[in-house]
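Consider the two complexes below, in which chain A is the common component and chain B and chain C are the respective partners.
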Partner chain A sequence: MNKRLKLILKNPGFQSFLASLVCIVLGLLIGYIVLLFINAEGATQAILMIIKNFFKYPSAGAAMKYFGSTLVKAAPLLMCSLSVLFAYKTGLFNIGAAGQYALGAGICLYCALALRLPWFVCIVFAMCGGAFLGVISGILKSLCNVNEVISGIMLNWISLYTVNTMLAGVKEETSHYTMNISNVNTDALLPKLGLDKLFTNNQYVTLALPLSVIVAIIINIILDKTKLGFELKATGLNKFAAKYSGMAEKKNTILTLAISGALAAMGASLFYLTGYEQWSVTSSSVPAMGFNGIAAAFLGGLSPIGAIFSSFFIQHITEGGAYVDKTKYCSQISDLISSIIIYLCGFVLFMKQFMNNMIRRSELKKGGKG
Partner chain B sequence: MSLLLQYTLLYASVLILVALGGCFSEHSGVINLGLEGIMVIGAMGGALALKMLGGYPVIVILIVTVLAAAICGMIYSLLLAVACINFMSDQTIIGTALNILGTALATVIIKAINIAENPDDVSSNVQYIQGKKALQINIGNFQLNYFMIITLVLLILSYIILYKTRFGLRLMACGEHPQAADSVGINVYKTRYMGVLISGFLGGIGGIAYITAGVSEWKFENGVAGFGFLALAVMIFGQWKPQRIALAALLFGCFRALSNVYSGISLLAGLKLNSTAYNMMPYIISLIVLALTSKNSRAPKAEGVPYLKGMR
Partner chain C sequence: MGNEYAVEMRNITKRFPGIIANDNITLQLKKGEIHALLGENGAGKSTLMSVLFGMYEPEEGEIFMNGNKVDIKDPNDANALGIGMVHQHFKLVECFTVLDNIILGTEPVKNGLLNKQEAKKKVLELSDRYSLKVDPDAIIENITVGMQQRTEILKMLYRENDVLIFDEPTAVLTPQEIDELMEIMRNLRKEGKSILFISHKLNEIMAVADRCTVLRKGKCIGTVDVENTTKEELSKMMVGRDVEFVVTKEPAKPGEPVLKVENISIAAKHKGIKAVNNVSFEVRSGEILCIAGIDGNGQSELAYGISGIEKLIEGKLYLNGKDITHDSIRERNIGGLGHIPEDRHKYGLVLDYPLHYNMVLQRYFESEFTTRYGFLKKKNIRAYAERLIKDYDVRSGQGPDTWARSMSGGNQQKAIIAREVDRDPSLLLAVQPTRGLDVGAIESIHKKLVELRDNGKAILLISLEMDEVMSLSDRILVMYEGKIVGELDPKETTPEELGLYMSGAKNNMKEGA
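Moving on to the complex of A and B:
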């Protein structure tokens, strides 16, 4: 190995990138094998469809439009993954992001449809709702010693049923979906800022895209450059050391989960206030967005900037799944691939250790010669 | 009233089975958050067996279904064992991944089978009306389900195995202080594997017991609706002890059963509560119960910590 290559390999950022790449490749490979088992004939075409997603459209205009649609859904996913990774830095696993997302969706739609409030007020109320759920988990964790994963799951189901009841009043009479915001209260739609023009007049491309990227950058700054971020990370690395050096570790736990909840709920409002999708009041499970957020957070190497790319990738293959040949396969094959990726992300630590061991061994060998 | 008792016992059986699964895994030192996924995969194996065995004698249906569910659960739990015991992965990430993977995998497999049988059928449903009838015996207007008996047997067995056998005591030693256990010649890795496999066995049976309680077809896209996590709450409330888990499960099972039968009980129907309130009840109760009981938790000391031989 030459010196420069070794320096690059030693860089933790590059190691995370390499590990994520391995996860993606293995995830796609296992997905391909599953497709082969189901029906060998169209498997290659199906996996290519998943990878290609909007590139399958021959005209540049159509491709841009569907690229826009993928981005519209990638923005809330990015927010959910920020929510998960922010909590994880403090050593907390916020699986409640799914419920916080659901409650955020419920509150912002209720504010928009029933109370006819403008969009920024809807977002603020939604964020308060998500933060409230986070605080419940945080208090249970720090004062009552309840594992945040279990309280998160319980709150997911409670918020799902609450949202279904809450939105039953603003649904369309003939269907079980909520009313379309653009027919009821156009003030609640997120401003487009002319971005729709860039994506062949895709009306759903709005302020949400730049806003979510800005939030990612802010989270990155908070974690890396502020006292709060330092304290949160210290609490995550060693709770007892943090406590001994005078940090309020209980307050930090609650605060982290509150911020984390607000992020997930904001993600929901950035999606539902575009009018792209309506909430079904007969939903029997929380939206998958929160769980996919976990995949995106770990795939992005737990860095907010990495999360921008990983959320796009996860959403890209999820959308691509919709294009597989439905007479042979089902679109859930992309859920399968992203869950395999989460599973493989559990091995990232091992992969990094393996890389470091390899580098050390080659260094030792050289040292022996000298 | 007998209907309430019937559903309480049914749901309690499921909770006992799955919570015991969690109990074995955690006593060996591995947190099993993937119980939900294990239940789904076990349920899938069992449901497919039930569907295929429609006309066979009861005893055959019962044995094959339970074995299919248990074996599927065990194979699936190996994913947890390999990652957490050999590769020292974060047990929370792997558990969560198993939950999401379980639902996705079951949906993909069931849909592939449905499409292969009939290209127009794109649902993720499995029907097992015929097979399900074989699992019940009617005594008056009370339907006794074989899973209640199986649960009782497994509950007593679990108690004996954990507290009265060499294996059980060694298992618990690995969850309390693996270094000490290793120093007296217990193979910690092997024991933890056994713990996780037993949890797969019990979780798988719990899965098929859950989806055959009350309904005769199951939509696998929905997973098992958080039941695996309710079972974890039962386990914590039961302080990781089989006999207490059984009592806790009866309490939770009763609240879950209420959402099925509240309209038939005049006292509750008179309250005019929304059905949503009853759906939420088990989750709210479990949050409250956890908040009150977790403070003095008797969790195994070394749970969640990967064991590395050379580590002090």
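Moving on to the complex of A and C:
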């Protein structure tokens, strides 16, 4: 009995799952404490709101509709977390995902609004743009030995202002937001495939959902079953052994970051081409999506399949934050609480290590008594 | 109650997935003795010592110290009980000084401030008393392996440990450093310390140990007094058959040159000097050419230069007549270069890959292991690994699925040798190939190398072991300070003469050649 439990506890897959769970609970707890400090009265209700998100709607139809909205934003997050974890398997930290996401958004919107191209062409161009940023980081890393984190952060800023400039020509006259795709070029909207009906006519639920899940599965297959995955993981685990075995380390670095960049940029087009949100050309920071991708990647145990669930969860919390009573808390509270939770999600690896030690210690104790 | 045993491990059993690493083992360490632990690769020596040091919890068994039952839950407990260990792979902080590493975890504090002066005094005292020469202010990554090891020993002494465990301390040392270590161990015994000493080198055990316990496949075969035994008897106890210590081989029939090295130079890690300085030689098919020399005279860099890991400053390399000076590592591998690297953990293995992945590190892309569309043929990879494991007797808990990290040091080495030899290279570059192997495994690896030679392959052997150099090679080149200083015929030379060349006292090469 006890032995079987211990075996389950030692299974690495289960450990990742448990660690993620512990991080989530801890994040919620700390979030709750912060709420208590700010205003004890509304704290319980506020944290429940965050957890409930769309479940707060009593009618099934409304709940479904807002469930759909959460999913719409979970798809790009999933793509960003895939971007981060794919690079991480090769031993690279793609903090540039945020900039690649921004550039992807800029290019797909420009293609849709200025060039009036159909959606799939917009996606392809956006992916090329993201890949291009990845290649720059990759070349700097492998030829000039510039750390990909540094170049990634610089490129994040460069992309932000490039996109702001690029989209200035396609913005509404009266606001600083880009034009609505549905008014300009309906060909650029992602096909709905009837999915909108499933979610109480939520028009933003599109092909993006199944597509992002399919991409996650493809990434999983690439990492686990192909020659390319074999090489990339070997490089990430021991770059000296990879070099010794004749794997082209420099080529792989560039290739990995190119693929990562394309994934993040694709994520942006899977979001902006639904028409759910417009780009503000006065943005002074890149969308948080790319950074949240880092948390989602870790929370998902660095597995593409895990990322599907972790991305949904993180988006769920973020959306839920929007329902917190604004009369009791200032308007930034939702961001604050969800960032605390997301931040703790980044601690999964640490938590796993910690749990391992605990298991070992309890084992040892038992050995002493018996 | 005056008990004669410093440590008694009674009926210890430790299981890992798929294997019983220690099967009901009893080990008694007398006070003030040097007790050797001998056994084949994977016999369970490191595991047994890790149990004593509190890193593994045994399923069964008890440990007594000075007659009292003790409970060792983790290395801190072991330390508190006076047990210290020098691991097979050192555990020092590379960027700290020697002194910092020694006091790490037991920093002396005075009024809340670190009192390093006192610690330094104590370390210097200890280093004097046991003649353990170290420079307390040197940074670990800049000092020799020998000095790193002395740091580990001082660390144990600083904590006033009385039971000292040495896990294969001599595998990484030069012959001179080994002699020094033997002397240090005798000193420690004189001071009343009790020592457990793991080694595969029977000469060392005969020279320094009082008693020897032999393990085979996790079981205890027996404990003998070293005085009343011989090398042959010990190796028979350990392997279960007679072991031949001399390599039997026909005279070499060298053919065409396979590797041609022309005036190559390679930079040293510390910029400004050349580790390899204008070296030229040839290795022909059907011969074993050995590069002998004291560690640190450019042999490692030479190997990395030939394999393509380090760049050449100047010179040319030809493999089978083709200029490979600017070829990538992959091109050299495909062109017929096999390489058993010096550092098995850094270059030789991906420790967090399973064994079967490690067996195809340079071949995974071949059509036998990958489909046209880039998918791995995992079945074939596994089957191939299974064959290598069988042919080369690589022992592990779960066969092809074992994580390389969990394998015993010697079996990791055997896996690398299996992979490289089985690729059937036309030139095999073997750097310290038998480091950490048991006598039985050394015998069979030597046989494989001779077999490879007789099949018309060229072998370039780089070794620090005088015995290996003398018995295996067909031709010897001696390297000293980055240059080849002598070419010798092993049948006509003596170890003494070889030693003179190695220390730079003799030179039979023309200047500028």
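By our rule, the second predicted complex is superposed on the first by the 328 of 370 C-alpha atoms of A that agree within 3 Å, B and C clash if a C-alpha of one lies under 4 Å from a C-alpha of the other, contacts with A are read in each partner's own complex, and residues count from 1 in each chain.
Just so it is clear, a residue touches a chain if its C-beta (ideal position, glycine included) is under 8 Å from a C-beta of that chain, and two chains touch if they have at least 3 such contacts.
Computed from a predicted structure; not experimentally measured.
Applying the stated contact rule after C-alpha superposition, one finds that A:Tyr57 touches neither chain B nor chain C.
Of the two partner chains, neither chain B nor chain C is touched by A:Phe132.
Shared-chain residue A:Leu349: touches chain B; no touch with chain C. After overlaying the two complexes on the shared chain, residue contacts for A:Leu228 are found with chain C alone; chain B is out of touch. By the document's definition of touching, of the two partners only chain C reaches A:Ala241; chain B does not. Of the two partner chains, chain B is the only one touched by A:Met154; chain C is not. The partner that reaches more residues of chain A, of the two candidates chain B and chain C, is B. Overlap of the chain B and chain C contact sets on chain A: empty, with no shared residue.
Those residues of chain A lying in contact with chain C across their complex are 225-228, 230-231, 233-234, 237-238, 240-248, 361, 363-365, 367-368. By the touch rule above, chain C contacts chain A in their complex via residues 57-59, 71, 73-74, 307, 309, 328-333, 339, 341, 346-353, 357, 361-362, 364-365, 370, 374-376, 378.
Residues of chain A that touch chain B in their complex: 34, 38-39, 93, 95, 140, 144-147, 149-151, 153-158, 161-162, 164-165, 284-285, 291, 294-295, 298, 326-330, 332-333, 335-336, 338-340, 342-343, 345-347, 349-350.
Against chain A, the residues of chain B that register as touching in their complex are 33, 79, 83, 87-90, 92-98, 100-101, 103-105, 107-108, 111-112, 115, 119, 122, 124, 221-223, 225-226, 229, 232-233, 236, 274, 276, 279-280, 283-284, 286-287, 290-292, 294-295, 297.
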